[in-house]
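These are the structures, in C-alpha coordinates.
Common to both upcoming complexes is subunit A, partnered first by subunit B, then by subunit C.
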Partner chain A sequence: MANETITKTPAEQTVTAEETRSGLFYRPNVDILEKADELLVLADVPGASREGIDIHFEDGQLTIHAKAPRRHENVEFLVHEYGVGDYYRTFRVAETIDAANITAEYADGVLTLHLPKAPAVKPRKIPVKA
Partner chain B sequence: MVLIPWRGKQREREPGRIETSPLAALRTEMDRLFDQFFREPLGTFEWPFGDRGWVPPVEVTESDEEVTVRAEIPGVDPQHLDLSMVGNQLVLAGEKKDDLDRSGRECHASEIRYGSFRRSIPLPANVDEQRVEADCTNGMLTIRLKKIQPTPAKRIEVKGR
Partner chain C sequence: MPVRYWPMQNPIAQLRREVDRLLSGFADAVPGGGVLAGVLRGQPAVNVWETADALHVETEMAGVKTDQVDISVVGDQLTIKIERPDVSQEGVTYHRRERPVGTFTRVITLPTEVDADRVEASLCDGVLRIDLPKAEAARPRKIPVHVGK
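This part shows the complex of A and B:
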(Lines of atoms letter the chains of each structure in order from A and count residues from 1; the text may use other names and numbers.)
(Lines give C-alpha, C1' and ligand atoms only; values in the text may rest on other atoms or scores of the structure.)
Protein backbone atom coordinates (compact mmCIF):
# COMPACT_ATOMS: atom_id res chain seq x y z
CA MET A 1 0.00 0.00 0.00
CA ALA A 2 1.28 3.35 -0.89
CA ASN A 3 2.10 6.18 1.36
CA GLU A 4 1.61 9.25 -0.71
CA THR A 5 2.24 12.89 -0.31
CA ILE A 6 0.00 15.78 -1.12
CA THR A 7 2.22 18.82 -1.30
CA LYS A 8 2.26 22.10 -3.06
CA THR A 9 5.39 21.40 -5.10
CA PRO A 10 4.04 21.04 -8.62
CA ALA A 11 6.73 18.62 -9.75
CA GLU A 12 6.17 15.83 -7.25
CA GLN A 13 2.60 16.14 -6.19
CA THR A 14 1.58 12.67 -5.23
CA VAL A 15 3.49 9.42 -4.98
CA THR A 16 6.58 9.08 -2.84
CA ALA A 17 7.06 5.89 -0.89
CA GLU A 18 5.62 2.41 -0.66
CA GLU A 19 4.53 0.95 2.62
CA THR A 20 3.56 -2.68 2.88
CA ARG A 21 1.10 -4.11 5.32
CA SER A 22 0.33 -7.68 6.09
CA GLY A 23 -2.87 -9.12 4.72
CA LEU A 24 -4.68 -8.43 1.50
CA PHE A 25 -5.77 -4.86 1.00
CA TYR A 26 -7.05 -3.06 -2.00
CA ARG A 27 -5.89 0.40 -2.91
CA PRO A 28 -8.93 2.54 -3.65
CA ASN A 29 -8.86 4.88 -6.61
CA VAL A 30 -8.94 8.51 -5.56
CA ASP A 31 -9.40 12.01 -6.89
CA ILE A 32 -7.68 14.74 -4.88
CA LEU A 33 -8.57 18.35 -5.47
CA GLU A 34 -7.32 21.45 -3.78
CA LYS A 35 -9.16 24.69 -3.28
CA ALA A 36 -7.95 27.83 -1.56
CA ASP A 37 -9.47 26.75 1.73
CA GLU A 38 -9.62 22.95 1.63
CA LEU A 39 -8.39 19.67 0.23
CA LEU A 40 -11.05 17.37 -1.17
CA VAL A 41 -10.46 13.63 -1.38
CA LEU A 42 -12.83 11.29 -3.23
CA ALA A 43 -12.27 7.55 -2.89
CA ASP A 44 -14.08 4.66 -4.57
CA VAL A 45 -14.70 1.96 -1.97
CA PRO A 46 -17.54 -0.15 -3.41
CA GLY A 47 -18.93 -2.76 -1.03
CA ALA A 48 -17.86 -0.99 2.14
CA SER A 49 -20.52 0.02 4.63
CA ARG A 50 -20.56 3.39 6.32
CA GLU A 51 -19.92 1.81 9.72
CA GLY A 52 -16.87 -0.02 8.42
CA ILE A 53 -14.99 3.07 7.33
CA ASP A 54 -12.15 4.30 9.50
CA ILE A 55 -10.47 7.60 8.80
CA HIS A 56 -7.43 8.74 10.74
CA PHE A 57 -5.49 11.91 10.59
CA GLU A 58 -2.34 12.15 12.64
CA ASP A 59 0.91 14.04 12.21
CA GLY A 60 -0.02 15.12 8.73
CA GLN A 61 -0.82 11.56 7.69
CA LEU A 62 -4.25 10.68 6.42
CA THR A 63 -5.29 7.02 6.53
CA ILE A 64 -8.38 5.55 4.94
CA HIS A 65 -9.36 2.04 5.94
CA ALA A 66 -12.67 0.68 4.72
CA LYS A 67 -13.84 -2.80 5.58
CA ALA A 68 -15.43 -4.81 2.80
CA PRO A 69 -16.38 -8.23 4.13
CA ARG A 70 -15.93 -11.31 1.98
CA ARG A 71 -19.27 -12.48 0.68
CA HIS A 72 -18.68 -16.12 0.01
CA GLU A 73 -16.18 -18.87 0.54
CA ASN A 74 -15.31 -21.69 -1.84
CA VAL A 75 -17.48 -20.47 -4.65
CA GLU A 76 -16.61 -21.25 -8.20
CA PHE A 77 -16.64 -18.08 -10.25
CA LEU A 78 -17.79 -18.08 -13.85
CA VAL A 79 -16.55 -14.53 -14.22
CA HIS A 80 -14.25 -13.01 -11.62
CA GLU A 81 -12.87 -9.57 -12.40
CA TYR A 82 -12.39 -8.06 -8.98
CA GLY A 83 -11.36 -9.22 -5.56
CA VAL A 84 -13.12 -8.45 -2.34
CA GLY A 85 -11.18 -7.22 0.64
CA ASP A 86 -10.55 -4.20 2.80
CA TYR A 87 -9.45 -0.95 1.27
CA TYR A 88 -6.42 0.79 2.70
CA ARG A 89 -4.47 3.83 1.65
CA THR A 90 -2.40 6.47 3.36
CA PHE A 91 -1.44 9.94 2.26
CA ARG A 92 1.01 12.42 3.65
CA VAL A 93 -0.60 15.83 3.63
CA ALA A 94 1.91 18.63 3.47
CA GLU A 95 -0.65 21.35 4.00
CA THR A 96 -1.46 22.33 7.53
CA ILE A 97 -4.89 20.88 8.09
CA ASP A 98 -7.45 21.94 10.64
CA ALA A 99 -7.81 18.36 11.93
CA ALA A 100 -10.72 19.15 14.24
CA ASN A 101 -12.90 20.16 11.31
CA ILE A 102 -12.31 17.29 8.90
CA THR A 103 -15.63 15.97 7.63
CA ALA A 104 -16.56 12.88 5.64
CA GLU A 105 -19.57 11.75 3.67
CA TYR A 106 -20.38 8.39 2.17
CA ALA A 107 -22.83 7.63 -0.61
CA ASP A 108 -23.12 4.93 -3.29
CA GLY A 109 -19.67 3.51 -2.54
CA VAL A 110 -17.85 6.83 -2.78
CA LEU A 111 -16.17 8.37 0.24
CA THR A 112 -15.83 12.16 0.20
CA LEU A 113 -13.42 13.81 2.61
CA HIS A 114 -13.16 17.52 3.26
CA LEU A 115 -9.90 18.60 4.85
CA PRO A 116 -10.10 22.30 5.68
CA LYS A 117 -6.82 24.16 5.76
CA ALA A 118 -5.78 25.70 9.05
CA PRO A 119 -6.45 29.44 9.15
CA ALA A 120 -2.71 30.16 9.17
CA VAL A 121 -2.21 28.77 5.66
CA LYS A 122 -5.34 30.17 4.12
CA PRO A 123 -4.52 32.93 1.69
CA ARG A 124 -5.28 36.23 3.31
CA LYS A 125 -5.38 39.65 1.84
CA ILE A 126 -3.93 42.25 4.12
CA PRO A 127 -5.33 45.68 3.61
CA VAL A 128 -2.86 48.51 3.58
CA LYS A 129 -3.87 51.39 5.74
CA ALA A 130 -3.26 54.91 4.72
CA MET B 1 -15.31 -14.18 -34.25
CA VAL B 2 -12.99 -15.04 -37.12
CA LEU B 3 -9.40 -15.49 -36.19
CA ILE B 4 -7.17 -13.21 -38.22
CA PRO B 5 -3.44 -13.93 -38.42
CA TRP B 6 -1.42 -11.49 -36.37
CA ARG B 7 0.04 -8.84 -38.65
CA GLY B 8 1.53 -6.63 -36.02
CA LYS B 9 2.66 -3.32 -37.40
CA GLN B 10 2.90 -4.53 -40.97
CA ARG B 11 0.20 -2.20 -42.15
CA GLU B 12 2.24 0.83 -41.20
CA ARG B 13 5.15 -0.37 -43.28
CA GLU B 14 3.15 -0.15 -46.47
CA PRO B 15 3.30 3.48 -47.43
CA GLY B 16 0.98 4.72 -50.10
CA ARG B 17 -1.59 2.06 -49.48
CA ILE B 18 -4.92 3.75 -49.02
CA GLU B 19 -8.07 2.03 -47.97
CA THR B 20 -10.64 3.10 -50.51
CA SER B 21 -13.72 0.92 -50.29
CA PRO B 22 -16.04 1.48 -47.32
CA LEU B 23 -15.73 -2.19 -46.47
CA ALA B 24 -11.95 -1.96 -46.27
CA ALA B 25 -12.22 1.15 -44.13
CA LEU B 26 -14.60 -0.65 -41.79
CA ARG B 27 -12.19 -3.56 -41.63
CA THR B 28 -9.33 -1.21 -40.73
CA GLU B 29 -11.44 0.32 -37.99
CA MET B 30 -12.44 -3.10 -36.67
CA ASP B 31 -8.79 -4.18 -36.64
CA ARG B 32 -7.86 -1.08 -34.74
CA LEU B 33 -10.53 -1.69 -32.10
CA PHE B 34 -9.58 -5.33 -31.92
CA ASP B 35 -5.90 -4.49 -31.40
CA GLN B 36 -6.74 -1.83 -28.86
CA PHE B 37 -8.96 -4.23 -26.97
CA PHE B 38 -6.20 -6.78 -26.58
CA ARG B 39 -3.46 -4.29 -25.85
CA GLU B 40 -5.32 -2.80 -22.94
CA PRO B 41 -6.62 -4.74 -19.99
CA LEU B 42 -10.41 -4.79 -19.79
CA GLY B 43 -10.70 -2.19 -17.10
CA THR B 44 -8.98 0.54 -19.08
CA PHE B 45 -10.57 -0.21 -22.42
CA GLU B 46 -11.84 3.04 -23.78
CA TRP B 47 -15.31 3.04 -25.21
CA PRO B 48 -14.65 4.37 -28.70
CA PHE B 49 -18.09 5.85 -29.30
CA GLY B 50 -18.88 9.15 -27.67
CA ASP B 51 -17.63 10.14 -24.26
CA ARG B 52 -14.80 8.51 -22.42
CA GLY B 53 -16.44 5.60 -20.71
CA TRP B 54 -15.40 2.81 -18.44
CA VAL B 55 -16.21 -0.83 -17.88
CA PRO B 56 -17.36 -1.91 -14.43
CA PRO B 57 -15.76 -5.14 -13.23
CA VAL B 58 -18.23 -7.96 -12.72
CA GLU B 59 -18.48 -11.27 -10.94
CA VAL B 60 -20.77 -14.12 -12.00
CA THR B 61 -21.59 -17.12 -9.81
CA GLU B 62 -24.28 -19.75 -10.01
CA SER B 63 -26.06 -22.13 -7.71
CA ASP B 64 -28.58 -24.83 -8.57
CA GLU B 65 -31.45 -22.36 -8.42
CA GLU B 66 -30.02 -19.05 -9.51
CA VAL B 67 -27.35 -17.06 -11.28
CA THR B 68 -25.87 -14.10 -9.41
CA VAL B 69 -24.20 -11.21 -11.19
CA ARG B 70 -22.39 -8.56 -9.17
CA ALA B 71 -20.72 -5.41 -10.39
CA GLU B 72 -18.69 -2.70 -8.70
CA ILE B 73 -20.25 0.62 -9.67
CA PRO B 74 -19.22 3.17 -7.03
CA GLY B 75 -20.63 6.62 -7.61
CA VAL B 76 -23.43 5.48 -9.88
CA ASP B 77 -26.81 6.70 -8.74
CA PRO B 78 -29.22 3.72 -8.90
CA GLN B 79 -31.57 6.02 -10.82
CA HIS B 80 -28.99 6.25 -13.60
CA LEU B 81 -28.85 2.50 -14.02
CA ASP B 82 -30.50 0.69 -16.86
CA LEU B 83 -30.69 -3.09 -16.69
CA SER B 84 -32.24 -5.25 -19.38
CA MET B 85 -32.34 -8.78 -20.71
CA VAL B 86 -31.56 -9.31 -24.37
CA GLY B 87 -31.93 -12.95 -25.28
CA ASN B 88 -29.75 -14.80 -22.82
CA GLN B 89 -27.62 -11.77 -22.04
CA LEU B 90 -27.92 -9.39 -19.16
CA VAL B 91 -27.17 -5.84 -20.23
CA LEU B 92 -25.85 -3.37 -17.66
CA ALA B 93 -25.83 0.25 -18.67
CA GLY B 94 -25.55 3.43 -16.70
CA GLU B 95 -23.65 6.56 -16.05
CA LYS B 96 -21.25 7.67 -13.38
CA LYS B 97 -21.79 11.37 -13.23
CA ASP B 98 -19.07 13.77 -12.24
CA ASP B 99 -21.05 16.58 -10.71
CA LEU B 100 -18.21 18.18 -8.86
CA ASP B 101 -17.28 21.69 -9.86
CA ARG B 102 -13.61 21.30 -10.70
CA SER B 103 -12.92 24.83 -11.80
CA GLY B 104 -10.55 26.75 -9.58
CA ARG B 105 -9.30 23.58 -7.97
CA GLU B 106 -5.84 22.22 -8.31
CA CYS B 107 -5.89 18.50 -9.12
CA HIS B 108 -3.42 16.28 -7.23
CA ALA B 109 -4.80 12.89 -8.25
CA SER B 110 -7.32 11.82 -10.85
CA GLU B 111 -7.73 8.06 -10.81
CA ILE B 112 -11.50 7.79 -10.83
CA ARG B 113 -13.16 7.34 -14.18
CA TYR B 114 -16.47 8.92 -15.03
CA GLY B 115 -18.93 8.59 -17.87
CA SER B 116 -21.32 6.06 -19.23
CA PHE B 117 -20.88 2.32 -19.51
CA ARG B 118 -22.63 -0.51 -21.26
CA ARG B 119 -21.85 -4.13 -20.84
CA SER B 120 -23.49 -7.38 -21.94
CA ILE B 121 -22.99 -10.43 -19.79
CA PRO B 122 -23.82 -13.83 -21.26
CA LEU B 123 -25.64 -15.94 -18.70
CA PRO B 124 -24.61 -19.53 -18.08
CA ALA B 125 -28.20 -20.84 -17.90
CA ASN B 126 -31.71 -20.03 -19.01
CA VAL B 127 -33.31 -17.70 -16.53
CA ASP B 128 -36.84 -16.53 -15.86
CA GLU B 129 -37.01 -12.91 -17.02
CA GLN B 130 -39.97 -12.32 -14.72
CA ARG B 131 -38.05 -13.29 -11.61
CA VAL B 132 -35.04 -11.01 -11.54
CA GLU B 133 -34.09 -9.09 -8.42
CA ALA B 134 -31.64 -6.21 -8.51
CA ASP B 135 -30.19 -4.30 -5.59
CA CYS B 136 -27.65 -1.52 -5.47
CA THR B 137 -26.10 -0.81 -2.08
CA ASN B 138 -22.85 0.98 -1.30
CA GLY B 139 -21.80 1.05 -4.92
CA MET B 140 -22.25 -2.69 -5.33
CA LEU B 141 -24.85 -3.94 -7.76
CA THR B 142 -26.26 -7.40 -7.13
CA ILE B 143 -28.61 -9.08 -9.60
CA ARG B 144 -30.19 -12.44 -8.84
CA LEU B 145 -31.76 -14.33 -11.71
CA LYS B 146 -33.79 -17.46 -11.07
CA LYS B 147 -33.02 -20.34 -13.37
CA ILE B 148 -35.75 -21.99 -15.37
CA GLN B 149 -35.85 -25.49 -13.97
CA PRO B 150 -35.96 -28.10 -16.69
CA THR B 151 -39.11 -30.18 -16.51
CA PRO B 152 -38.23 -33.66 -15.30
CA ALA B 153 -37.76 -36.18 -18.06
CA LYS B 154 -40.88 -38.18 -18.77
CA ARG B 155 -40.46 -41.80 -19.45
CA ILE B 156 -42.22 -42.99 -22.57
CA GLU B 157 -43.31 -46.50 -22.62
CA VAL B 158 -42.91 -48.48 -25.75
CA LYS B 159 -45.67 -50.88 -26.38
CA GLY B 160 -44.80 -54.16 -27.94
CA ARG B 161 -47.01 -56.17 -30.13
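This part shows the complex of A and C:
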Protein backbone atom coordinates (compact mmCIF):
# COMPACT_ATOMS: atom_id res chain seq x y z
CA MET A 1 0.00 0.00 0.00
CA ALA A 2 0.92 3.61 -0.32
CA ASN A 3 1.54 4.22 3.36
CA GLU A 4 4.56 2.01 3.42
CA THR A 5 7.67 3.90 4.34
CA ILE A 6 11.26 3.19 3.65
CA THR A 7 13.19 3.23 6.89
CA LYS A 8 16.51 1.97 7.97
CA THR A 9 16.26 -0.27 10.95
CA PRO A 10 19.31 -0.07 13.14
CA ALA A 11 20.99 -3.40 13.72
CA GLU A 12 20.31 -4.59 17.22
CA GLN A 13 23.81 -5.84 17.80
CA THR A 14 25.46 -2.53 17.12
CA VAL A 15 22.96 -0.41 19.02
CA THR A 16 23.37 -1.81 22.49
CA ALA A 17 26.81 -2.56 23.72
CA GLU A 18 26.93 -5.41 26.17
CA GLU A 19 27.71 -4.26 29.61
CA THR A 20 29.86 -6.15 31.98
CA ARG A 21 27.82 -6.04 35.10
CA SER A 22 28.80 -7.56 38.35
CA GLY A 23 26.57 -8.44 41.21
CA LEU A 24 22.87 -8.85 41.45
CA PHE A 25 20.52 -6.38 39.85
CA TYR A 26 16.95 -5.73 40.82
CA ARG A 27 14.17 -4.92 38.44
CA PRO A 28 12.30 -1.88 39.69
CA ASN A 29 8.51 -1.81 39.62
CA VAL A 30 7.31 0.84 37.22
CA ASP A 31 4.21 2.68 36.15
CA ILE A 32 4.23 4.01 32.60
CA LEU A 33 1.51 6.51 31.77
CA GLU A 34 0.85 7.94 28.38
CA LYS A 35 -0.54 11.44 28.36
CA ALA A 36 -1.42 13.59 25.36
CA ASP A 37 1.98 15.25 25.24
CA GLU A 38 4.32 12.99 27.17
CA LEU A 39 5.13 9.58 28.53
CA LEU A 40 5.54 9.47 32.29
CA VAL A 41 7.68 6.75 33.83
CA LEU A 42 7.61 6.19 37.60
CA ALA A 43 10.13 3.69 38.93
CA ASP A 44 10.43 2.47 42.53
CA VAL A 45 14.12 2.46 43.39
CA PRO A 46 14.15 2.63 47.21
CA GLY A 47 17.60 3.09 48.69
CA ALA A 48 19.12 4.44 45.50
CA SER A 49 21.35 7.47 45.83
CA ARG A 50 20.59 10.50 43.70
CA GLU A 51 24.17 10.65 42.38
CA GLY A 52 24.08 7.01 41.39
CA ILE A 53 21.15 7.25 39.01
CA ASP A 54 22.01 6.86 35.37
CA ILE A 55 19.35 7.33 32.72
CA HIS A 56 20.11 6.65 29.11
CA PHE A 57 17.98 7.15 26.05
CA GLU A 58 19.21 6.06 22.69
CA ASP A 59 17.45 4.90 19.54
CA GLY A 60 14.15 4.55 21.32
CA GLN A 61 15.65 2.51 24.12
CA LEU A 62 15.34 3.81 27.64
CA THR A 63 17.68 2.41 30.25
CA ILE A 64 17.46 3.05 33.96
CA HIS A 65 20.39 2.13 36.14
CA ALA A 66 20.25 3.19 39.77
CA LYS A 67 23.00 2.38 42.20
CA ALA A 68 21.87 1.51 45.70
CA PRO A 69 24.72 1.57 48.21
CA ARG A 70 24.97 -1.32 50.63
CA ARG A 71 23.38 -0.46 53.92
CA HIS A 72 24.50 -3.24 56.21
CA GLU A 73 27.83 -4.95 56.40
CA ASN A 74 28.61 -7.95 58.56
CA VAL A 75 25.07 -8.27 59.73
CA GLU A 76 23.40 -11.53 60.53
CA PHE A 77 19.75 -11.28 59.69
CA LEU A 78 17.01 -12.72 61.85
CA VAL A 79 14.60 -12.12 58.99
CA HIS A 80 15.92 -11.54 55.50
CA GLU A 81 13.21 -10.99 52.93
CA TYR A 82 14.91 -8.71 50.46
CA GLY A 83 18.36 -7.90 49.26
CA VAL A 84 19.95 -4.57 48.52
CA GLY A 85 21.51 -3.94 45.15
CA ASP A 86 21.45 -1.83 42.03
CA TYR A 87 18.38 -1.45 39.89
CA TYR A 88 18.40 -1.98 36.16
CA ARG A 89 15.69 -1.97 33.54
CA THR A 90 15.42 -1.26 29.85
CA PHE A 91 12.42 -0.30 27.77
CA ARG A 92 11.86 0.05 24.09
CA VAL A 93 9.76 3.14 23.60
CA ALA A 94 7.47 2.95 20.59
CA GLU A 95 6.47 6.62 20.53
CA THR A 96 8.69 9.26 18.98
CA ILE A 97 10.33 11.03 21.89
CA ASP A 98 11.91 14.43 21.97
CA ALA A 99 15.10 13.08 23.50
CA ALA A 100 16.68 16.47 24.15
CA ASN A 101 13.90 17.44 26.54
CA ILE A 102 13.70 14.38 28.76
CA THR A 103 13.69 15.37 32.42
CA ALA A 104 14.01 13.33 35.61
CA GLU A 105 13.28 13.87 39.30
CA TYR A 106 14.05 11.74 42.31
CA ALA A 107 12.22 11.87 45.63
CA ASP A 108 11.37 9.36 48.37
CA GLY A 109 12.85 6.48 46.42
CA VAL A 110 10.78 7.13 43.32
CA LEU A 111 12.35 8.12 40.04
CA THR A 112 10.07 10.16 37.79
CA LEU A 113 10.90 10.53 34.11
CA HIS A 114 9.14 12.85 31.72
CA LEU A 115 9.53 11.86 28.09
CA PRO A 116 7.92 14.54 25.90
CA LYS A 117 6.56 13.34 22.61
CA ALA A 118 8.14 14.75 19.51
CA PRO A 119 5.87 17.00 17.46
CA ALA A 120 4.03 14.74 15.05
CA VAL A 121 5.08 14.85 11.48
CA LYS A 122 2.24 16.50 9.67
CA PRO A 123 0.87 14.81 6.58
CA ARG A 124 1.70 16.77 3.49
CA LYS A 125 0.05 16.76 0.12
CA ILE A 126 2.52 16.99 -2.70
CA PRO A 127 1.07 18.55 -5.80
CA VAL A 128 2.16 17.10 -9.10
CA LYS A 129 3.27 19.66 -11.59
CA ALA A 130 2.27 19.45 -15.15
CA MET B 1 25.54 -21.16 75.76
CA PRO B 2 21.91 -22.09 76.23
CA VAL B 3 19.90 -22.64 73.07
CA ARG B 4 17.00 -20.28 73.04
CA TYR B 5 13.98 -20.89 70.93
CA TRP B 6 13.23 -17.79 68.96
CA PRO B 7 10.44 -17.83 66.45
CA MET B 8 12.54 -15.68 64.16
CA GLN B 9 15.37 -18.14 64.04
CA ASN B 10 13.24 -21.17 63.52
CA PRO B 11 13.91 -22.14 59.91
CA ILE B 12 10.51 -23.78 59.48
CA ALA B 13 8.69 -20.69 60.71
CA GLN B 14 10.86 -18.59 58.44
CA LEU B 15 10.09 -20.77 55.43
CA ARG B 16 6.41 -20.66 56.19
CA ARG B 17 6.42 -16.91 56.44
CA GLU B 18 8.31 -16.68 53.18
CA VAL B 19 5.85 -18.96 51.37
CA ASP B 20 2.88 -17.05 52.81
CA ARG B 21 4.33 -13.84 51.56
CA LEU B 22 5.08 -15.25 48.11
CA LEU B 23 1.66 -16.81 47.79
CA SER B 24 -0.02 -13.59 48.78
CA GLY B 25 1.27 -12.19 45.51
CA PHE B 26 -0.85 -14.67 43.60
CA ALA B 27 -4.03 -13.28 45.10
CA ASP B 28 -4.05 -10.97 42.11
CA ALA B 29 -4.47 -13.86 39.74
CA VAL B 30 -7.43 -15.32 41.60
CA PRO B 31 -10.72 -14.34 39.99
CA GLY B 32 -12.94 -12.60 42.48
CA GLY B 33 -10.03 -12.18 44.85
CA GLY B 34 -10.27 -8.43 44.42
CA VAL B 35 -10.67 -7.59 48.07
CA LEU B 36 -7.75 -9.73 49.14
CA ALA B 37 -5.59 -8.59 46.29
CA GLY B 38 -5.52 -4.97 47.35
CA VAL B 39 -4.68 -5.89 50.90
CA LEU B 40 -2.02 -8.48 50.29
CA ARG B 41 -0.18 -7.32 47.23
CA GLY B 42 2.72 -5.11 48.01
CA GLN B 43 2.92 -6.12 51.63
CA PRO B 44 6.24 -4.71 52.70
CA ALA B 45 9.15 -7.12 52.88
CA VAL B 46 11.27 -6.66 55.98
CA ASN B 47 14.81 -7.27 57.09
CA VAL B 48 15.44 -7.71 60.79
CA TRP B 49 18.81 -7.85 62.48
CA GLU B 50 20.13 -7.59 65.97
CA THR B 51 22.95 -5.82 67.72
CA ALA B 52 23.97 -6.18 71.37
CA ASP B 53 21.51 -3.63 72.65
CA ALA B 54 18.95 -3.14 69.90
CA LEU B 55 16.84 -4.75 67.23
CA HIS B 56 16.72 -3.16 63.80
CA VAL B 57 13.90 -3.48 61.31
CA GLU B 58 14.13 -2.16 57.79
CA THR B 59 11.62 -2.08 54.97
CA GLU B 60 11.59 -0.56 51.51
CA MET B 61 8.61 1.59 50.58
CA ALA B 62 9.22 3.92 47.71
CA GLY B 63 6.98 6.94 47.36
CA VAL B 64 5.63 6.84 50.90
CA LYS B 65 5.79 10.04 52.94
CA THR B 66 6.33 10.15 56.70
CA ASP B 67 2.66 10.91 57.36
CA GLN B 68 1.62 7.81 55.44
CA VAL B 69 3.45 5.47 57.80
CA ASP B 70 2.11 4.35 61.12
CA ILE B 71 4.36 2.39 63.46
CA SER B 72 3.31 1.00 66.81
CA VAL B 73 4.82 -1.33 69.36
CA VAL B 74 2.57 -3.25 71.72
CA GLY B 75 4.30 -5.85 73.85
CA ASP B 76 6.45 -7.87 71.46
CA GLN B 77 4.43 -6.94 68.38
CA LEU B 78 5.68 -4.34 65.98
CA THR B 79 3.06 -3.10 63.54
CA ILE B 80 3.95 -1.18 60.41
CA LYS B 81 1.08 0.32 58.47
CA ILE B 82 1.72 1.93 55.11
CA GLU B 83 -0.68 3.92 53.03
CA ARG B 84 -0.04 4.32 49.35
CA PRO B 85 -2.76 6.53 47.89
CA ASP B 86 -4.10 5.66 44.48
CA VAL B 87 -3.11 8.59 42.34
CA SER B 88 -4.24 7.16 39.03
CA GLN B 89 -5.48 9.75 36.62
CA GLU B 90 -8.41 9.71 34.29
CA GLY B 91 -7.85 9.90 30.58
CA VAL B 92 -4.35 8.48 30.51
CA THR B 93 -3.27 5.17 29.09
CA TYR B 94 -1.28 2.91 31.40
CA HIS B 95 1.40 0.90 29.62
CA ARG B 96 2.66 -0.58 32.89
CA ARG B 97 1.12 -0.54 36.29
CA GLU B 98 3.27 -2.43 38.73
CA ARG B 99 3.65 -0.09 41.67
CA PRO B 100 1.37 -1.13 44.49
CA VAL B 101 -1.37 1.10 45.87
CA GLY B 102 -3.52 0.66 48.94
CA THR B 103 -3.03 0.15 52.64
CA PHE B 104 -0.63 -2.50 53.85
CA THR B 105 -0.07 -3.73 57.35
CA ARG B 106 2.74 -5.91 58.55
CA VAL B 107 2.92 -7.31 62.04
CA ILE B 108 6.26 -8.61 63.26
CA THR B 109 6.74 -10.60 66.43
CA LEU B 110 9.95 -9.41 68.03
CA PRO B 111 12.31 -11.98 69.52
CA THR B 112 13.16 -9.92 72.59
CA GLU B 113 11.47 -7.40 74.77
CA VAL B 114 12.03 -3.82 73.65
CA ASP B 115 11.84 -0.44 75.28
CA ALA B 116 8.78 0.91 73.45
CA ASP B 117 9.38 4.49 74.60
CA ARG B 118 12.76 4.70 72.92
CA VAL B 119 11.89 3.24 69.55
CA GLU B 120 13.05 5.46 66.71
CA ALA B 121 12.17 5.40 63.05
CA SER B 122 13.56 7.24 60.06
CA LEU B 123 12.61 7.35 56.41
CA CYS B 124 15.24 8.11 53.79
CA ASP B 125 14.99 7.61 50.01
CA GLY B 126 12.10 5.22 50.43
CA VAL B 127 13.79 3.07 53.07
CA LEU B 128 12.21 2.93 56.50
CA ARG B 129 14.47 1.98 59.36
CA ILE B 130 13.21 1.30 62.86
CA ASP B 131 15.63 1.01 65.77
CA LEU B 132 14.21 -0.75 68.80
CA PRO B 133 16.42 -0.61 71.89
CA LYS B 134 16.17 -3.79 73.90
CA ALA B 135 14.53 -3.65 77.28
CA GLU B 136 16.97 -3.60 80.17
CA ALA B 137 16.09 -7.21 81.02
CA ALA B 138 16.95 -8.45 77.52
CA ARG B 139 20.39 -6.86 77.26
CA PRO B 140 23.52 -8.87 77.73
CA ARG B 141 25.03 -8.18 81.08
CA LYS B 142 28.54 -8.71 82.23
CA ILE B 143 28.63 -10.25 85.66
CA PRO B 144 31.79 -9.46 87.57
CA VAL B 145 33.21 -12.32 89.56
CA HIS B 146 34.51 -11.42 92.99
CA VAL B 147 37.23 -13.23 94.73
CA GLY B 148 35.70 -15.32 97.46
CA LYS B 149 36.90 -14.95 100.99
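One rule holds for everything that comes next: the second predicted complex is superposed on the first by the 98 of 130 C-alpha atoms of A that agree within 3 Å, B and C clash if a C-alpha of one lies under 4 Å from a C-alpha of the other, contacts with A are read in each partner's own complex, and residues count from 1 in each chain.
Definition applied: a contact is a pair of C-beta atoms (placed from the backbone, for glycine too) under 8 Å apart; a residue touches a chain by one contact, two chains touch by 3 or more.
For clarity, every value in this text was computed on a predicted model and none was experimentally measured.
Participant: Determine, for the superposed arrangement built on subunit A, whether subunit B and subunit C clash or fit.
Facilitator: clash
Participant: On the A-aligned overlay, A:32 touches which partner chain: subunit B = first, subunit C = second, or both, or neither?
Facilitator: both
Participant: So in the superposed three-chain picture, is A:77 touching just subunit B, just subunit C, both, or none of them (first/second/both/neither)?
Facilitator: A:77: touches subunit B and subunit C.
Participant: Looking at A:60, would you say it contacts subunit B, subunit C, both, or neither? Reply first, second, both or neither.
Facilitator: Neither partner.
Participant: Examine A:47 and indicate which partner it touches, taking first as subunit B and second as subunit C; both and neither are also allowed.
Facilitator: both
Participant: Which subunit A residues come up in both lists, the one for subunit B and the one for subunit C?
Facilitator: 29-35, 39-40, 42, 44-49, 72, 75-82, 108-110
Participant: Residue numbers of subunit A touching subunit B in their complex, please.
Facilitator: Counting only subunit A, the residues touching subunit B are 4, 6, 13-14, 29-36, 39-40, 42, 44-50, 72, 75-82, 108-110.
Participant: Contact residues on subunit A for subunit C in the complex?
Facilitator: Subunit A reaches subunit C through residues 29-35, 39-40, 42, 44-49, 71-72, 75-82, 108-110.
Participant: Spell out the residues on subunit B that touch subunit A in their complex, using ranges where they run on.
Facilitator: Spelled out, the residues of subunit B in touch with subunit A are 42-43, 57-62, 72-78, 100, 102, 104-113, 121, 124, 136, 138-140.
Participant: Under the stated contact criterion, what part of subunit C meets subunit A in this complex?
Facilitator: 6, 8-9, 14, 17-18, 21, 45-50, 55, 58, 60-65, 89, 92-100, 108, 111, 123, 125-127
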